[in-house]
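Two complexes, one shared chain (chain A), two partners (chain B, chain C).
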Partner chain A sequence: MSEWLRIDAVQKTVDEFRLGPIDLMIEPGTITVIAGMNGSGKSTLLKLIMGLAKLDHGRIIVGGKPVGGADEDWKQHITYVPQKLIGWDPYTGEALKGLIAPLYGGWDEELFQKIIKSFNIPLSKRFGKMSPGLQQKLALALALPRGTRLMILDEPMNSLDIPSRKGLTDLLADWMEVEERAILMTSHQVEDIRKLADFIFLMQNGETLGHYEKEQLTESYRRYWIDRMPDGEIPEELARGHMDVVTAMPEAAEQYFEKHGINVMDQSGIELEEIISYLLDQKPLRRVSGIEVPDTKVPDTKVPDPKVPDPKVPDTQKKG
Partner chain B sequence: MTDWKLAARLAKTELAASKKSFFTLLVFFLLMSFTFVNSFEVYAAGDFFFFDFIFLLVFLVFPSWMKGKEFQMAKLGGDLWTVPALVMLQQLPIKKDVIVKSRFLIYGIHSAVFQLLLLIALPTFSTEFRELVTPLSLIAFVIIWMSLSVAAGFVMVASEAGGNFGTKAFLAAWLWIALAVAAMYFLFPVLFPEGFVMWTIHVAGDWPFLVIPAAILLGYGGWRYWQYVMKRDMAKADYL
Partner chain C sequence: MLPIRLSKESREPIYHQVEQQLKALIAGGHLAPGMPLPSIRALSKDLGISVITIRRSYQNLEAQEFIETIHGKGTFVAETKKGMMEQVKISSVYESFEQAIQNARNYDYTEQEIEQIFREVMKGEEGQ
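Now for the complex of A and B:
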């Protein structure tokens, strides 16, 4: 088996909202972050993976077994931490641990105690009486020690304070050190994506916008400061400022500059946040060299204001 | 861990967290027992409708209604109605069958303990009731009502599977409830001229050896049937 999770052509309609078709594969040793605007269907997709609703079309395979089938053993392979923990309120942390820990053969008590201690979680307090941040910490403390192959986290950092975010990022990185594990998580935080993701799965209005390898994605977008602006468009031009231009095909753009005698004064990568914003704001998409990029130009609002100094460009170069 | 053993562990966890509502239910049933014991003489004299009505409520719906708010059916977003525990347990590696069993155990404990309390209180404290029963007919009477509680009352636990209900479905449900109460109000005096509870006392006394196996069969059938219904409804619902 080469994948822990396989989603094939999954579709689901909920009232007016239509999710899918979604195809996604999660392989061992990878962290995939699902990103998208609010209401793009990220949480719904995670709930479908957990078998919390029937599929209208397609199939989901976890650990080689179909979700929703008669054999429910696939659940042993997944840890799921939803954004909103329903049904936990009446229980203390101790009671929740008593409920959850025996269900997992690979429960790591040492890790649980370590997290409880480092996050300072009072186990005798009722979950419903805890602050949202503390609730999230307890949920994660009860998730990581389960030792499953796949962990699904829905906005795990949402309610966490800054030190706890860092702590959780480290914990997730440690968790991934054990071979053959994978994480699928949703996040609105670019910092999480930057630090954790190997792959980014973008969703928009219930549809797949693209599935990217993070490094490849960031390397595919570059901003060039050039000595003169060409009249025509450079290859895969996404945005144009007074003296700078953004492209989704750096190599082709550089060839273009050379051919047209345009000097590149400086160049820089594009912030992941900016790339994701480009991708989420633009539709429809077309595939170019295996990378999906926006089909249309970025609106003018995205173009950097030449009057505002760009901190990334040294003053000497700005003048030049 | 066998299914029933795991179901029992899940039930124990919820019961331990709902001690408060368990005690509320105990106080409620003690008050109910006191009321029934003291009004049985009036009931036996012929003023039976409300006695029958409340007696049926005790066996059919009160165990569910008296549970703590956090353990009751609730609207959990969109048009999803279910008990929160059902959503929580489905996110853990627990088979749906085990979840159903655990819900039945919880409801069974919530209902059987207190209903038995009431059924024991009647012959213990009501002279009028004691005069109407023999030890054998009392056993048959208890079995009839416990079986009825399962066969009809366990619809309440099966309904915990919940589902996606809009306003239309709710209006339809309330209409059915209103119709059922109206039917009871008009039909019971015709079908059971001495009252429904009194009819069960007589039936238990007249045909105990027929009534006992029939009631056990009815209870067993209800136990199996409502589990099937709950599993079916869980498979249909979207817990989104």
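Now for the complex of A and C:
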């Protein structure tokens, strides 16, 4: 199949909120996690992929067919688990399975039974009477066995307890063992991104902030502990403490240290959580005496400004 | 789960760290010929790194004939030539010595002093 999932210059305005233009390609064999703050447009994007709202501009191709077109063949290639399932409340798990399973020729009953057992899901209970965590587990138990090529999950870990999160992580990794499958999911949990994501798609205010391969991201940020803090900013400086600086350009920073006679005492990579926070925060934080003060300078991370001599910010400019 | 530990401190790229550690496990006999390796997706989940990175490590190991992939069955430790194993062992020990010597030089130890330390460490080992 040539075009699995391709999002081309998609735009949508809902009341005051503007989404896009968004471009995104999903390759078979990969898991992409969409991350961003609340209200960044993650769920809206997923709904557009499912054809649940009309596009203002652009197009979405699933399995070679445009979403919203006359040919609805694409729907059988895709499974979507939204955050809230509408219309399921009066049915028991058993009844829901009876409605869903026959729609999918590749229904994997063995996998369904395995998930029901490992998550302890009572099939005779009505969906509406279940706790949010149990509802989520049943929704996933009714999603994974469909065996579609694409799985779209909106916050699948949200109401799950810790063992169930691990259980679902393992299930999703196992589900990906079959060739020619892909997952696109949203998450606020760094642990999901760490364990499952191959690609991270960051969104902010309805726009694309970046699309990264995971190690491309983690390998391009570094923290250095140095013996003397320079007056000017180091290349691509994101934060500094009493003894440490964080950069998004390790090679350039190392050259800078050498040129200015600064000794590096230690160095380390940076956790994904911190990197994503820097990217979503945009405002580089400078720590002054342990107090976090937003940088008042307009952040232009491409061109480090050597003319910022003092990390101290006057009291009048402090916010928060 | 394989005993692979990735270093955040090291500047060595992640794919290379995975590759080197798998090589060491194979050369050290901890992973015997014919033993199955985890799938790319399973190792990706265990180590928290992308399948793109793991695939790169596996491809490099395959090119060097440490592992082989049988389509539809998975990836296995290959029947490695003895010479290659020796090579890995030697270069791994060399690397450790080089690091230790570099460390001593950073503290301005002389060659004689480094040799002295080496002999003392050897003696201590024998005494145990």
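Heads up, the rule we're going with is that the second predicted complex is superposed on the first by the 279 of 320 C-alpha atoms of A that agree within 3 Å, B and C clash if a C-alpha of one lies under 4 Å from a C-alpha of the other, contacts with A are read in each partner's own complex, and residues count from 1 in each chain.
What we mean here is this: a residue touches a chain if its C-beta (ideal position, glycine included) is under 8 Å from a C-beta of that chain, and two chains touch if they have at least 3 such contacts.
Nothing here was measured: the structure is a model prediction, and the numbers come from that model.
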(request) Classify the contacts of A:E213 with the two partner chains as first (chain B alone), second (chain C alone), both, or neither. (result) second
(message) By the touch definition at the top of the document, which applies to A:N158: first (chain B), second (chain C), both, or neither?
(response) neither
(request) Please work out whether A:A173 is in contact with chain B alone, chain C alone, both, or neither, and reply first, second, both or neither. (result) second
(message) Taking the superposition on A as described, I'd like to know which of chain B and chain C A:N205 touches: first, second, both or neither.
(response) neither
(request) May I ask you to name which of chain B and chain C touches more residues of chain A? (result) B
(request) Tell me which partner A:L85 touches in the superposition: chain B (first), chain C (second), both or neither. (result) first
(message) I'd like to check the shared interface: which positions of chain A are touched by both chain B and chain C across the two complexes?
(response) none
(message) Per the contact definition, I'd like the list of chain B residues that touch chain A in the complex.
(response) 1, 9-10, 13-14, 16-18, 68, 70-71, 76, 78, 83-96, 235-240
(request) Within their complex, state which residues of chain A touch chain B. (result) 14-15, 44, 47, 50-54, 72-73, 75-76, 78, 80, 82, 85-92, 95, 98-100, 102-104, 128
(request) Mind listing the chain C positions that touch chain A in their complex? (result) 8-9, 11, 13-15, 39, 41-42, 44-45, 48-53
(request) Quick one: which bits of chain A touch chain C in the complex? Just the residue numbers, please. (result) 29-31, 169-170, 173, 176-177, 194-199, 213-215, 218-219, 250, 266-269
